[in-house]
Structure formats: structure tokens, C-alpha cells
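Please see the structure below; I have some questions.
Residue numbering begins at 1 within each chain, and the chains themselves are lettered A, B, C and D in the order written.
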Amino acid sequence: MKPSVIALLHGPDQPGIVAKVATWIHQRGGNVLHADQHLDRQENVFFQRVEWEPDADRNLQEESDEFISFVERELTMQVRIALSEDRPKVAIMVSKADHCFHDLVLRVRAGEWNAEFVGVLSNHQELQSVSESYGLPFVHIPVNQQNKVEVEQRQISWLREQGVELVILARYMQILSSEFLQQVSCPVINIHHSFLPSFAGAKPYHQAYQRGVKLIGATAHYVTEDLDEGPIIEQDVARVSHRHGPRELIEKGRDLEKLVLATAVRRHLQNRVLDYQNKTVVFD
Amino acid sequence: MKPSVIALLHGPDQPGIVAKVATWIHQRGGNVLHADQHLDRQENVFFQRVEWEPDADRNLQEESDEFISFVERELTMQVRIALSEDRPKVAIMVSKADHCFHDLVLRVRAGEWNAEFVGVLSNHQELQSVSESYGLPFVHIPVNQQNKVEVEQRQISWLREQGVELVILARYMQILSSEFLQQVSCPVINIHHSFLPSFAGAKPYHQAYQRGVKLIGATAHYVTEDLDEGPIIEQDVARVSHRHGPRELIEKGRDLEKLVLATAVRRHLQNRVLDYQNKTVVFD
Amino acid sequence: MKPSVIALLHGPDQPGIVAKVATWIHQRGGNVLHADQHLDRQENVFFQRVEWEPDADRNLQEESDEFISFVERELTMQVRIALSEDRPKVAIMVSKADHCFHDLVLRVRAGEWNAEFVGVLSNHQELQSVSESYGLPFVHIPVNQQNKVEVEQRQISWLREQGVELVILARYMQILSSEFLQQVSCPVINIHHSFLPSFAGAKPYHQAYQRGVKLIGATAHYVTEDLDEGPIIEQDVARVSHRHGPRELIEKGRDLEKLVLATAVRRHLQNRVLDYQNKTVVFD
Amino acid sequence: MKPSVIALLHGPDQPGIVAKVATWIHQRGGNVLHADQHLDRQENVFFQRVEWEPDADRNLQEESDEFISFVERELTMQVRIALSEDRPKVAIMVSKADHCFHDLVLRVRAGEWNAEFVGVLSNHQELQSVSESYGLPFVHIPVNQQNKVEVEQRQISWLREQGVELVILARYMQILSSEFLQQVSCPVINIHHSFLPSFAGAKPYHQAYQRGVKLIGATAHYVTEDLDEGPIIEQDVARVSHRHGPRELIEKGRDLEKLVLATAVRRHLQNRVLDYQNKTVVFD
């Protein structure tokens, strides 16, 4: 396949956006592969994802830069650009649970996603040897009540050195401070083991058991300062019954967590997600 | 099919319950059709649903009465008995929305359930003519801030006169007082238009839209004094996206509400539900 | 809401289609509400659904006619146009089963769909009184081995007199001849009570029981000359177990059939479906 | 937890089976943990799964042997016994695809199942190093048109030497002969990448794409002499659209295959599956 450019635009609605974008691409010899759009009528905000193959003679970087200028100046909208050949650098943060970790790494190794996993950060040592068997650097920084600020600084330094463009919390059982989130300067995706907003906080499967729900859920979301309150990218549920105690819910939930996190990460890596006012627009 | 007896038992676990129950039935010439059980190991409570065809010579009422005595005296457990040929009397309470109403009535008319719908109670007049076209008495009692106590008394009187054994709130938009619930002396099933415990209270679809969830839900539960907190009988969800505004969620939710309420009512009418410590055991 | 125009285009892919369509609309003062597209890379066929509000000064019919000319002449693609305010005339064909029939009629009465149900054709009399209670003309034409050709002629005559634009087979248990399909000159949607291509033909629930499948399905499709082989619009499944005999499968299947048929009809009425080479492109 | 005994019984229905089984266990001081049953009314065959903790003084093997004698002699039914502490020996057969392979091995390593994976048989070398990194012996026997009989003999020899009690075909792309199936003398579970009986045989995702189905599926079944015709243990589906070409169906199908195969294997290992007349009774 020829390389393509993917643009995610959003801004106040105005007449002719679709025509102007499509004409801009067409006039430069580009061929639109996919285009999807959404108009939030309550907020009057227009969103678009457009993917095109530029003319063979065009330099991809030039095409991207000029498109950004065009959108910002002539449409006064915000835009984010990615190239189909990009392989963003991704770091995984884990504690002890390994099911999401294996699932993510095996997907990258199977070639499902265009991404480069650069390493694993953990507050525990349990996943060190398995990370290394996958050829992934493992950075172990224990956390306690006293050293949290310092630990986060070391994590930030490492993530920056690696040039990380996405952080995945694959059942990382620590809360990240707002300072961390401001400094990391790339998106952070978390998997919460409940159908948010139900059962936010600790031990969601125990809460679910206590309430006697008939479905358990998992939620993948961008991390914001408000714990378990960030924009939701994906959710799914599985049927349970009175026969499932907390232990069975935890086991059953593992498959759910793997699938929901993988779906969210796939969408993010394919540049299908725009977040806006604590919600997401997912073009799929 | 020959008539059968269905018993729902529960109480502290003890050795030999299954053997004693099965032997009691076998010795009187009965033939067990279904038997299902559950042991809550945390609470050490044993639950059983057993359905059997008594010997052809036995009187069904006698068999039932003697079984109750046996369970209460020899097993010191609680038991509820139903006969397969029972057609419990059911009342529906509605406001203006009619989707669950039609769905329930058409299922009874199609012979899906063994039940007799005896009439419709409403605080509005919208569903009067359609109720009557189905041959169902329609009792219209308007509610306002002042007359709530009196209205509930009239409702209770009517329900008792009819000998109602189950009340279904098919999108009845009023809160029932704890006095009502004590006096009605039969189960009340409600459909809440969210995946509880998320979005309890008013306007759940608007809350769901605001939060940006990727699935909407519906929950059928027994009504208790605590609003939207009763034992859950059934839940289900449907996938939504950023394209769905509150109006689309409401429309999409209608199908969900119909199915979830119908499933809960079916299970109740088939004597498959035991509620215990604000949860349900559903034998299906 | 202001009235809008919906166009469904398809034809050989070529550079600039999206730009040309969007520019055509924009230059005439139109505002694109939704646009979705698909490129079948194997066949090199481009599909688009675009919905727009024309300028307030433009006559809707004029806008539509000129757009059709534009697409056919300048893009040499095929196009179908609908107006958001259209209320297409729909006829339902039934035999004895009434679950899909009630479901469809109640949705139209609830205002879910923009359509006018003009009457019911049946080879049996069972649904006559209920059709009439809904205010729907009921045309009863019994079918037997000998009179099939003549019956279809009478059906065709009636459908034409009414100006029917969509025929729904809501569990109509007769096979329509290829002559009927040619002469009816409007789409015909059928609900088949299995997950096609499994269990085509008669008694699919019995076939499913015999094979021991763990999910049963339903399939809504456009009717073509090849029985159960037409383009699939929608499918869904429900979980079953060894406990479900043929009778339980039939009962459980009813809910599935209602939902799958309703979803297919909704998509068709919203002009979201293009059929092509015995498959459908569904823009939703 | 104390060790328990699990029995799977089936045979012609007769009065008092439940009572006799429960009484036998109770009289020897056993405590029934779970009991589930099914009566196939068409065939008049009774099925039961019962799990109990024997009295602490009883030898498990003795309890099992005596129970088998009791069932065979006094109930003249067939019975299969397992102990909760059993760790059956399992072999995996693979070709090149590794997604189901990783999924199965990681579940065993995570302690989800009580089983011992003894090795991997393959007609290709692709999964050799990864098998060995998991500490699993890898037996590579290339297959061609000429050597099929001989290869199967070598496979059978190896499986017997290892004492294998379950063979899992984790996307093994060779057909096993009826001689192999007779000689292997243990159950063989296969994952077929379609919703059987649709798309049996080769390249099911291409067949599904060609037919334009709206859901793809996967089916786990016991292998019999008739290809893709064995008793189904588990099936599931995933939604697809016109946007999914064969390549996307294959990728999307991988998650489905992993989950369906894992569910089937879990049920088998937990002794929940009885196969009978080419169907399964699954007690879950």
C-alpha cells in the first residue's frame, strides 16, 4: 500500500468545510481513501477524520505541513496529522497483573498494530523477567508513601528520554498526579475494571458482587486529573450470575479488560479518536 | 403436559438437603423435572429450585402443603410453592410511555406467559383507549403534590380488590412510598432506563449522554424503599456512539427496556427468582 | 428541523468524487449534515451517502433533479435521492404469526419511522381483525397449489394501486416467484429465522436444534429470485443451550426476528442501504 | 478448598435417580457442592453433573470407584468421574498461526485451569522457539501427501507416551484421519473459524466476505470423523460491516477464536461437557 496522510480536524461549524478540505486534497493530486465526519449540533462543533494518498510526486511531510497551515488559517480549526507509516513509541506501565501486558505485547509482535513498544515501567518486579524475554527494557521503580513525587520525576525523565508518544496503564495500580499528567505531554490510556461510572475507585469487582449486578464491565479511557473520570474510548460487558463470587468476577473480567484495552489502543494508534469536553468522538 | 409443583427453598446450609428433598418427592411417587441449587459460601446459605410432577393420584394442593410442612419443620428452611397451572393476577402501572406496556400485553396475549393481566393503573389518561382496546380495565388516578397519600390508598384498595399478585411498573414515573410497598403485599418489578448503579434517578439517558458512555443499559429490579437500589433481576446494554444524542439514546433504549423488563417478568412468573440480601438468585 | 436531501451514489472510483460532490452542494448554499463513503478496493467501486440541507431559497425538487443530472452526467455514477420529509408507502405481507407484524405497526404509530403503512396482504385470515383495529386495510387472498400465479397477479395489482414503495415480508410463509419480484418494482425485505447461510429453507429452528448450535440467529435481507440468498441487511444472534427444545427456540427467536427486521427496515427507510453484487453497504 | 469428586452421568430416565444419587452421597458423609441435571424429553435420556466433598475420612479413589459401581449397577447408567485435584495432560497441535497457542499457554501459566500442557505437535517449525521459551517440548513432524499415515502413527505414539488426556487443535490446518481419532483414545477439541454449520471447509472468512454476512463467528467442537460436523461445545460471533475485507475479518476473527476455544477448553477441563448424539450438554 502507498503511504497515506490522516488528519483529525475539529472546530466551530461553518459552511463548506467538507468541500474545502476535499478540494484542497484533490487539487494537489491526492486521493481520499476514507472520510468521516460528525456535527455536534448542541455545541455546533464539527469533527472530521480524513485519510488520503497524496500524489506520488509530493513529499509527505510537505503535504502534511501545508495541510496544517491551510486548516489553521483558512478554516481556523484545530488539526492533528499522522502518517500511515508512523510507528509511535509506546510505554507500558504495570504493577503485578500480567494479562493486559501479554495481550498488548503479543498484538504488537503479531503485527496487528503499527507501534514500537519501547519499554515497561513498574512499581513491582514481578513482570521483569517476562518483559526481558520479550526483549523489552524493564524499569523498576518502587513506590511508597514518601517517594511518590520523586518516583514520578524519574518516570517522566525516562519517558522523555525514550520519546514516548503514548503511555498505556495496563492495570497499573497507582494514581498518577496532575503534575505527572501535565509533564508527560502525551496521551495516557487506562483500563478500569468496571463499567464506568459504576464502581469507580478501588475493588470494582467486589463492589459489583456486593450490588448483585447481572453484567460486569470494563472501561478504557484517557487519564485526566479526575480519577476514573476521563473521556471514555471503549467499554464492554460480560454476563454474570449469582454463581460468580468476587474471584470468578475477577477471572471473567480479565478477558474483558484485555479486549477493551486492546480496542481502545488500536483506535488510538489508528488515529480514530478525538477527545472533546471529556467525551470522545471515535471514527470507526 | 401434566401439572407440576415448583418449590423455591432457602436457608442455612446443612448436610443432606438435596438428598432429603429428592427422597421426599420420590417416596410419594413424584418425578423431578428440574432441580437447580446454589450455595452462597460467604453467607453459608443454600438455595434450591425444584420442579416435579407429583404422582397422578396425589392432590396438588395436598402435595404442596405437605411439602411446605416438611421443609419448614424438618429442614427449618423457608419455602415458596407455585403450581405450573397457576395464572397469577398481574397489574401494570404506567404513565405516558407505551412501549413496555404494549410489549407486556402482547406477550400475554401470544400465550408466552401464564398470567392474567387484570388492569392498568395510571396517573395520566394517554393509555386509556389502548388499554380498553386490549380489554383491560384502566384506572386513572391523577397524582399531584398534595394528594399522593390518598392516591396510593386508592391504588392499594384497587390492587387488593383485584387480588393482584404482581405489580409491574412499566415506565411509571412516580416514586412509590414505603407505606405503599408495605401494604401492597406482593412483589413490584420496575424497569429503570440505565445500567444501574450508573445513572440512578432522573433522566438517565441525558446523564449517559453527558458522561459519554459507549453502551447504554436498562435494569429490571424489585422495588424497595430505596429508589433504584432494589435487587436486580436482569440487565442488558446496547452499543452507542458519539452520533447518538439524548433523543437517539431514548429511542434506542426503548427496545432495551422492553426486552429487559420482559425477561425479568418471565423469570418471576416462572418462579425462577429468589431475592436475598438485596440480590437475586435467578435459576434459569 | 429543516428538510434535507439524502443521496446514495455508487460507481467506478475516480479522482475527486468527494470534492466535486461537496463543492456542488456548497456552491448552491447547501450545508452537509452527514457524509459517509466506502471504497471497495477489490471491485474499485466507490459508494457514498451524503445528506444536506439545501439553501432556504432552493426548491427541494429542483435541487434533487439537478443533483441527479450532475452525478449522472459529470460523475457517470448511479444515484438515488430521497427527501427527509418523504413518507414512503409500505405494505406488509403476513401469514399467521403476528409478532413482527405488531412490532412494525407499533413502531410506525410511535413515530419511530417516517413511513405510511398502507395495508396488509395475507394468505390467511388470522390477522384480519387486529389489522383492522390498527386501521389498516386487510387484503385476504388464499393461496393453494393451483392459484399461485393468479394470486400473485392480484397482489401485484393491489400493491401498484396503492403506490407501494416497500414490501415487508413479516413472516410471510410463501415463496414469491421471480415474476412477482420483477413486477413489484420496489424493494422487498424478508426476515428469515436463522443465521443465514446456516439453515436456509424450512423449519430452521428444528434444523438448529438438530445440529446443536449454541446460538440461534435471524437474518433480514432483500428478496431475490434465489430463496434465502438475497443481500443481507442485518443479522443478530441469541445464546441458547441444551435446555432449549425446538419450541423454546421458536419462542426465543421471536424477539430476535422482531429486532432484526425492525433494524433492517429502519435502515432502509433512512436510506442507509445500497445493495451491490448481492451484498449491502449499510451507512450507519 | 477440600478436594471434591465430580461425576457426569447419563442414561435412560427412570424414577428416583436424583434421590438415589443424593442419598448415596449423603449416607457416606459427603456434602453436595453443585448438582445440575437435564432431561431430554424427546429421547428420554437423563443427564446429571454432581460435585461433592466426600467425608474427610474417605479415600477419594475408593469413593470414586464405589460411586461408579453404584451408578452402573443400581442405576444402569453411564458415568465418568474426575477429581477436583486432577491435572489432566494436554497436548496442543498447531501449524503456523500462534494466537490461540499463546492464549492457551498463558491461561495455564496464569493458573486459570487445572491442567498440565505436555507439549506441542506441529507440521511446521514456526512455533518451535516460542514453544521452547515456554518450556514446552516441540515435536516437529512435516506432513505431505505421501507420508500422512506414517506421520499420524508417530503423532499417536508420542501422544500415548506422554499419557495425553486431551488434544487441542489450536488452528492445526490438517485433517485427522478416522484411524487417528480411533487410536488417540482421548477427546480432541478443534476451533473452526466460522459460525458452523455456515462456511465449513476451507477459507471460511473468504466465504463470509463473499456472502456479505453481518456477523462472523467461531465454533469449538469435538472432532469426529466428519469434518466440521462434530458436537459443538461453544460458539460466538462478532459484528462486521462492508468495511471489513477478508484481511480485516481474519484479524477480527483471531480474538473470537481465542475466546471460543478457551471457553470450550475450560468447560471440558472442568468436566462440564457431556456429548451425546452429536450434540453437547454443557453444565455451567
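Brief remarks follow.
Just so we're on the same page, a residue touches a chain if its C-beta (ideal position, glycine included) is under 8 Å from a C-beta of that chain, and two chains touch if they have at least 3 such contacts.
For clarity, every value in this text was computed on a predicted model and none was experimentally measured.
Each chain gets a centre from the mean of its Cα atoms; the one farthest from the centre of chain D is C.
A count of C-beta contacts for the chain pairs A-C and A-D puts A-C on top. Chain C and chain D, compared by their mean Cα positions, are separated by 42 Å. Centre-to-centre separation of chain A and chain D, using mean CA positions: 36 Å.
In chain A, no position touches at least two other chains.
Interface residues of chain C facing chain D in the complex, by the touch rule stated above, are 38, 40-42, 195-199, 211-215, 217, 231-237, 241-243, 245, 278-282.
Against chain D, in their complex, chain B makes its touches with residues 15-16, 18-20, 22-23, 25-27, 29, 31-37, 39.
Within the complex formed with chain D, the chain A residues making contact are 98-99, 102, 106, 110, 112, 133, 251, 255, 259, 262.
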